[in-house]
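What follows is one structure encoded as structure tokens, with my remarks underneath.
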Amino acid sequence: MTYSQRLVNLLLGLAPVALALMLSTLVLIAAGAPPLEAYKHLLQGASESPAKIADVLVVWVPLALCSAGLLFTFTAGLWNIGVEGQIIFGVIFATWVARNLYLPATLLIPLMIVGGMIGGALWGLLAGTLKVYGGVHEIFAGLGLNFIAITTNIWLIAKPWRPDLGATMQGTDPFPAAAWLPRLAGLRLSPVSLLLATMALVVVFFILRGTLWGLQLKAIGKNARSAYLLGIATNRHVLLSFALCGALAGVAGVVQVSGVWGRNIPQISGGIGYLSLLVAMLSGFRALGVAPVALFFAALGVGAARLHLRMQLDPSLAGVLGAGLVLSVLLVAGLRTRLLISREG
Amino acid sequence: AGPATPAATPTTPPAPTPAPEEFLFGIILVGPKDDHGWSEAHHVAAEYAMERVPGSDFVVYESLIPGGEVTLEQVADDMVAQGAKLILTTSDAFEEDTIGVAEKYPEIVFINVSGDDVLTGEAPSNEGNFMGQMEYMKGVAGCTAALMTDSGTIAYLGPLINDETRRLASAAYLGARYCYEHYRGLDPADLRFIVTWIGFWFHLPGVTLDPTVVANGFFDEGADVIISGIDTTEGLVVAKQRADEGARAFAVPYDYIGACDEAPDICLGVPYFNWGPAYLSTVQAVIDGTWKQSWDWNGPDWSDINNLDTSHAGFLFGDGLPDAQRAQGQEYISGLASGDIKLFVGPLNYQDGTTYLADGEVATDEQIWYLKQLLEGMEGPSE
Amino acid sequence: MEITLLIRILSSVLANSSPLVIAAMGETISERAGVINLSLDGSIMLSAMSGFAVAYLTGNVVLGFLAAMMVGALMALVIAFASITLHQDQVAVGFVLTLLGAELANFLGEPFVRRPGPRVPYMPIPLLRDIPVVGEIFFRQDILVYASIVLIVVVWFWIFKTQAGLRLRGVGERPEAAFARGVSVNRLRYLYTVVGGALVGIAGAAYSLSVKLGWSEGHTLGNGWIALAIVIFGGWHPFRVAFGAYLFGVLISLGGILQRSIPGVPTQVFQAAPFALMILVLLFVSGGALERLLSLFPPRMRRVVGDALRVAPPSALARPFVTE
Amino acid sequence: MKVELRGIKKCFGSVRANDGVSLTVEAGSIQGLLGENGAGKTTLMKVLSGFVSPEGGRILLDGKEALFSSPAQAIEKGIGMLHQDPLDFPPLKVLDNFLFGRDSGFLLKRALARKELLELSERFGFTLDPEAYVNTLTVGERQQLEIVRLLSLGVEVLIFDEPTTGISTPQKATLFATLRRLAKEEGKSVIFVSHKLEEVLELCSGVTVLRRGKVAGEIAMPCTSEELVRLMFGQVITTHVAEEVSLGEPVLELRVWGVHTYRLDLSPVSLQVRAGEVIGLAGLEGSGQRLLLRACAGLIKPSRGSLFLRGEDMSGKSYQKFLDAGVAYLPAGRLEEGLIPGLNLAEHFVLARREKAPFFINWALARGDAGRKIEEFNIIGSPSTLVEGLSGGNQQRALLALLPDSLRLLLLEHPTRGLDVESALWVWDRLLERREEGTAILFTSTDLDEILERSDRISVFSGGKMLEILDASQTDVEQLGYLIGGNRG
């Protein structure tokens, strides 16, 4: 590779970042806010103290879990937009375990995790079944099921799980202490959840890279008809990938409910499901990419809180930056292949 | 109203290191600070307190969604880091989280507005609760609606279903019954009072019913007055739209004193929270070091319910209410103030026909606070 | 009384569904040309916000609609560029734009939240408005509602009765053949995607300036997805698509009334109903469920019923066209 | 109109599809264009009809240089082409197809167009229903529609690219009559592209033969087929004569077995196939052969009757069970159904392995295995070559290499479609090796010669019916052609 080629590649690699920054700067100017100060707050808000960094990791955990799960469905060529609902069903199942089984933490927490995985997996399977046997595109199935999951959870919180005292739909009673993930002293971060997310990434990495099942999934994603003819049980694989993604999303739900909130609340999924789709896309659908990209998005989210507090700017700026970045990456990737073709041709 | 400049310039200058004599407090809002409803009422109260306590200032965090990426704890951390000594969390959806941060920062005072943790004993000693007594003002709202309805159908745009919202809707119904019977001389049994719950305090797309659609449905069903129980102003907006189209349509918004401004001519009045005095006394008490934990259900100042320095809840008549009816409304308020008119008084049945209050029985605070069902005569689900 | 209620509800449905109708027509023509504009939900949101903001600042509804149209067209242009010129996955680009549009709308729309602003004027049509029933339902509306009904007919006429419409269909069914017959496939695709996007933009402004006045965070969330599902349900045929939009309108409008008239059902059921219906209608028109339903018919009727209910997307939907 | 092509050049990457080709067609004549697969016939015709812009050379129409850069411009200049797969709009109606591309102003003038369409079809004896959807027409009818459409646009030169594949013998007779009429009575210039000698001999007044992108020779009619073969291939090809194979046990047995789908019903058939037997399925595309193959592979559930594989009733069993029982199916679209673009050869071999594989893949081993197969099957590529990077012939080789070693029943769709004669011979050699191992083979082809030559028995399909099972040695192309067209005479 010549020097100039390498330079071109570097520039193309940086171009999306520059484009996204340009977009958000324009947006900031349109909103009448000084962009530099905004970026400063964004950066500081995410990194100035160990507590802030721990906050970033708190957001990183569910994002990484969901994005890791999405690698299964993306590999199989599926747009599993229903992660949000799968998180919620993980929460619902875990909540049931926490409220109904009176066990010590060493038993209760693993059971909650298993329960969450089952809940998420079932909700994922439902979307998968609608896709495979009902012919409903997974985007619509997933999206519709997200809304249904949220309302189901709201009904549970408002009716069967309504606290005896206290009046509104604010959430269930706090779980018993045994159902709380242990936290690092003075921080909201639980080492257990960090471990879970890291493990998930490693396992997903190896499954997709090194196993026959991973290869078969990839084959389905690239050409399902050929894969079927080669003898791969495509339906079963697709369903399993939905279930696995749902299970990891369910774990994310457990982490949220027992590590962060300590009780079930109506909006517990908090948009992480949608965000994780962006993370998976930006990571190029690779487990190795998910960890840093999820960290970036988590930092963006946490930093945006500061932005709002100090500059009265809506935290949706973080979303603008994140989505803008993914869009820029898509556009630059397209431009790059175009450039290559026209140079060869 | 002329167009305002859409610049999002910070309303509060950043205060990185407060000088020793300065006092900083924080408010955390569940909606945007200019929602013309619940959150805006809190925001103006913070400004009220700030103006009256020299050297005080406040920071605000808007639209904190419980369960979102940004947690109350993070916001509180940041406010404490900025030097806030008092933090008000303005939704009972923040109850649990407020306990959490109150335990984390024992030297800071926290107020969870509309919560009851002090009452239930869950709150640490540095957390207090207060709430405005809205029931009577809702009664007035119901009264104005009854004074103006031609069709005999009044609609109540409800948020989610719980004790509080049931009692507010029922209070409105009782006010409407009273005035329908006593000022208009009509049989209250003929009054239709329909309630639809959207599912939350404001519209969450895909999760709640759309209040705009519900409000339109009310008018289609024959209602001509909408009493809003939600935090936002869709009821008023739709009523205005219908009135512009030539229909008879009125609305009674909620929460915020300025809520009528959006459509004054069809606004019958607004039952509002006046948080200013409570904010002021709390700020002052914290500065003076005299603050003590309490659960306050602050009522109106019956000598002048619209005295912004003393009354915690009020009712401001709107331009939509003609003078004659306004006088009757005023009469009703006076009756409530003097105690001649009781709002929750028997005989009253629950919706399922069981007795709530026997004949002549006046409800206790507790009976009002924990209302288990809507009242007989109201149409709409109780659960 | 019952009949008045019905008339009033139908009149409301007609009005409330008009943005859905307009957006679904826009999507229909861009998908007919072979391009999926998946960004609908975000496009509607951003254009609703921009339309309201401009109308609010200028006091002029028409300017608001123009701005919304431009925003919708611009979003569509990004999709067209990314998919037609750069051959990127339409679903990926559309999905990202959905999120971006929503976030941008929420961020830039902050200063306009819950401001009272101008609206599309109510315009009952003299004489016609007094026709019993029909007049009450159809001719006591604002201009936007009339426009949305006219649009259905215009789109149908355009697609099936004009030469340009034939080209549009050809480009989406078999671009190679259209090219062989002198059609600039990609130019047409750009054109229809952008025009479709402009319609989506109008739909956005229809919310904030007519059906759901004003702006608030997430003002129109979810409606774009429903519009997308309606296009599939409608089999890319304007009349059937419109039928789908009104069907949803009825369900959404009845939510509040049903909550009171069907006691014992959790209120949450009605809140989630539009999305449950979305899944159900797609289940209905898609292969699996329909085949099972058809097998209930006697064999001789299967073909006829199947042809009437089965929908097939334009053959070249989402497939880029490359000339040799 | 007299057409002259002078020194046309066109390359695709390193392939010189046309390397200085010249060709002359007189008005009122039918010129044949002959050549083996990949000789460059289609490319040359696409240059003439504006689909492909040449890198060199000139086009003269009636002696005047013509320049055009799109098919529409070519049609304006009077040149129209009928593609092998008619380039029309299957989901649209005949009338709309006819109208498409004619400038008729803002509105579609359907009444006018219908009249013209009916008049023109009548002139040629076609029966086209303007309201029918094109996807319900046969390939022959779609050709007729294209002819009528191009004529209505005032085309003077008509190019037919392999028009006889996929149509029945009676339709072929109609087509030839039409071509003659176009040339003789209407004075059009007709170019007839084919690689079938007898058709060219029957129809054309002159023939140009292409080989590897160059003109191998030009002959005026009449001439002998030996001369043409020599020009096409450079030598006379001796066709492989199938060895007598003794047939074994019955492998496949169908008992009053029928398939129902939305588009097509296959009426019940009974059939017995024995080990080592080759059965050719003849018929127009969409007549039911493909359905039979897919149902025999277990991909479609039959609506009635039963299917036995070596005596075992397979009714209701899944596709996987069929695979386990030694059935393999090779569809025609290689990159759509068969190979997986985006995966390399080594990955394909791992996926295709039928025996139980360990959970973790040993990539070193897998690459070694792939290397061996690649060598064995003469594939030009390496274990890490992505399949979409292979040439068509090599893709076909790869598909054959992916087949399991021991097979009972091999179902093939167009096994040599798009392959040149030599590659096709290689493919059949491999298939016949299988046959000697006792594998029964069912295959479809549009090439009746191939079917006649390779099969033991031939079953003919028409409109979803299996008409007859013939002994290959007792029939000829003529008889097959008539059966395919639905006639029994």
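Going by the order they are written in, the chains are A, B, C and D; count residues from 1 in each one.
Keep this in mind: contacts are C-beta pairs under 8 Å (C-beta built on N, C-alpha and C of every residue); 3 or more make two chains touch, one makes a residue touch a chain.
Quick caveat, the model's predicted, so the values are computed rather than measured.
Novice: In terms of C-beta pairs in contact, which of B-C and C-D ranks higher?
Specialist: B-C
Novice: If I average the CA coordinates per chain, which chain comes out farthest from subunit B?
Specialist: D
Novice: Centroid from C-alpha atoms only, then distance subunit B to subunit C, rounded to Å. What do you get?
Specialist: 37
Novice: Rounded to the nearest whole Å, what is the centre-to-centre distance of subunit C and subunit D, using the mean of the C-alpha atoms as each centre?
Specialist: 43
Novice: List the centre-to-centre spacing of subunit A and subunit D in whole Å, with centres computed as mean CA coordinates.
Specialist: Centres of subunit A and subunit D (C-alpha means) sit 48 Å apart.
Novice: Averaging over Cα atoms per chain, report the distance between subunit A and subunit C in Å.
Specialist: From the centre of subunit A to the centre of subunit C is 29 Å.
Novice: Subunit B: which residues touch two or more other chains?
Specialist: Residues 6-8, 63, 161, 199, 206-207 of subunit B touch two or more partner chains.
Novice: What parts of subunit A, by residue number, touch at least two of the other chains?
Specialist: Only 31, 147, 150-151, 154, 158-159, 313-314 qualify.
Novice: Subunit C: which residues touch two or more other chains?
Specialist: In subunit C, the residues touching two or more other chains are 110, 222, 268, 271-272, 275.
Novice: Let me know each pair of chains that touch one another.
Specialist: Chain-chain contacts present: A-B, A-C, A-D, B-C, C-D.
Novice: Any idea which subunit B residues touch subunit C in the complex?
Specialist: 1, 3-8, 32, 34-36, 63, 161, 194-199, 203-210, 212-214, 216-222, 232-233, 237-238, 240-241, 244-246, 261-263, 379-381
Novice: In their shared complex, at which residues does subunit C touch subunit D?
Specialist: For this pair, the touching residues of subunit C are 161-167, 169-170, 173-174, 176-183, 306, 312, 315, 324.
Novice: Under the touch definition given earlier, write down the residues of subunit A that touch subunit C in their complex.
Specialist: Residue positions touching the partner: 27, 30-31, 79, 81, 130, 133-137, 139-141, 143-145, 147-148, 150-152, 154-155, 158-159, 274, 277-278, 281, 313-314, 316-317, 319-320, 322-324, 326-327, 330-331, 333-335, 337-338.
Novice: Hey, which residues of subunit D end up touching subunit C in the complex?
Specialist: Going through subunit D, the ones touching subunit C are 46, 51-52, 70-73, 75, 87-92, 96, 99-101, 103-108, 262.
Novice: In the complex, go through subunit A and note every residue touching subunit D.
Specialist: Counting only subunit A, the residues touching subunit D are 210-213, 215-216, 218-219, 222-223, 225-233.
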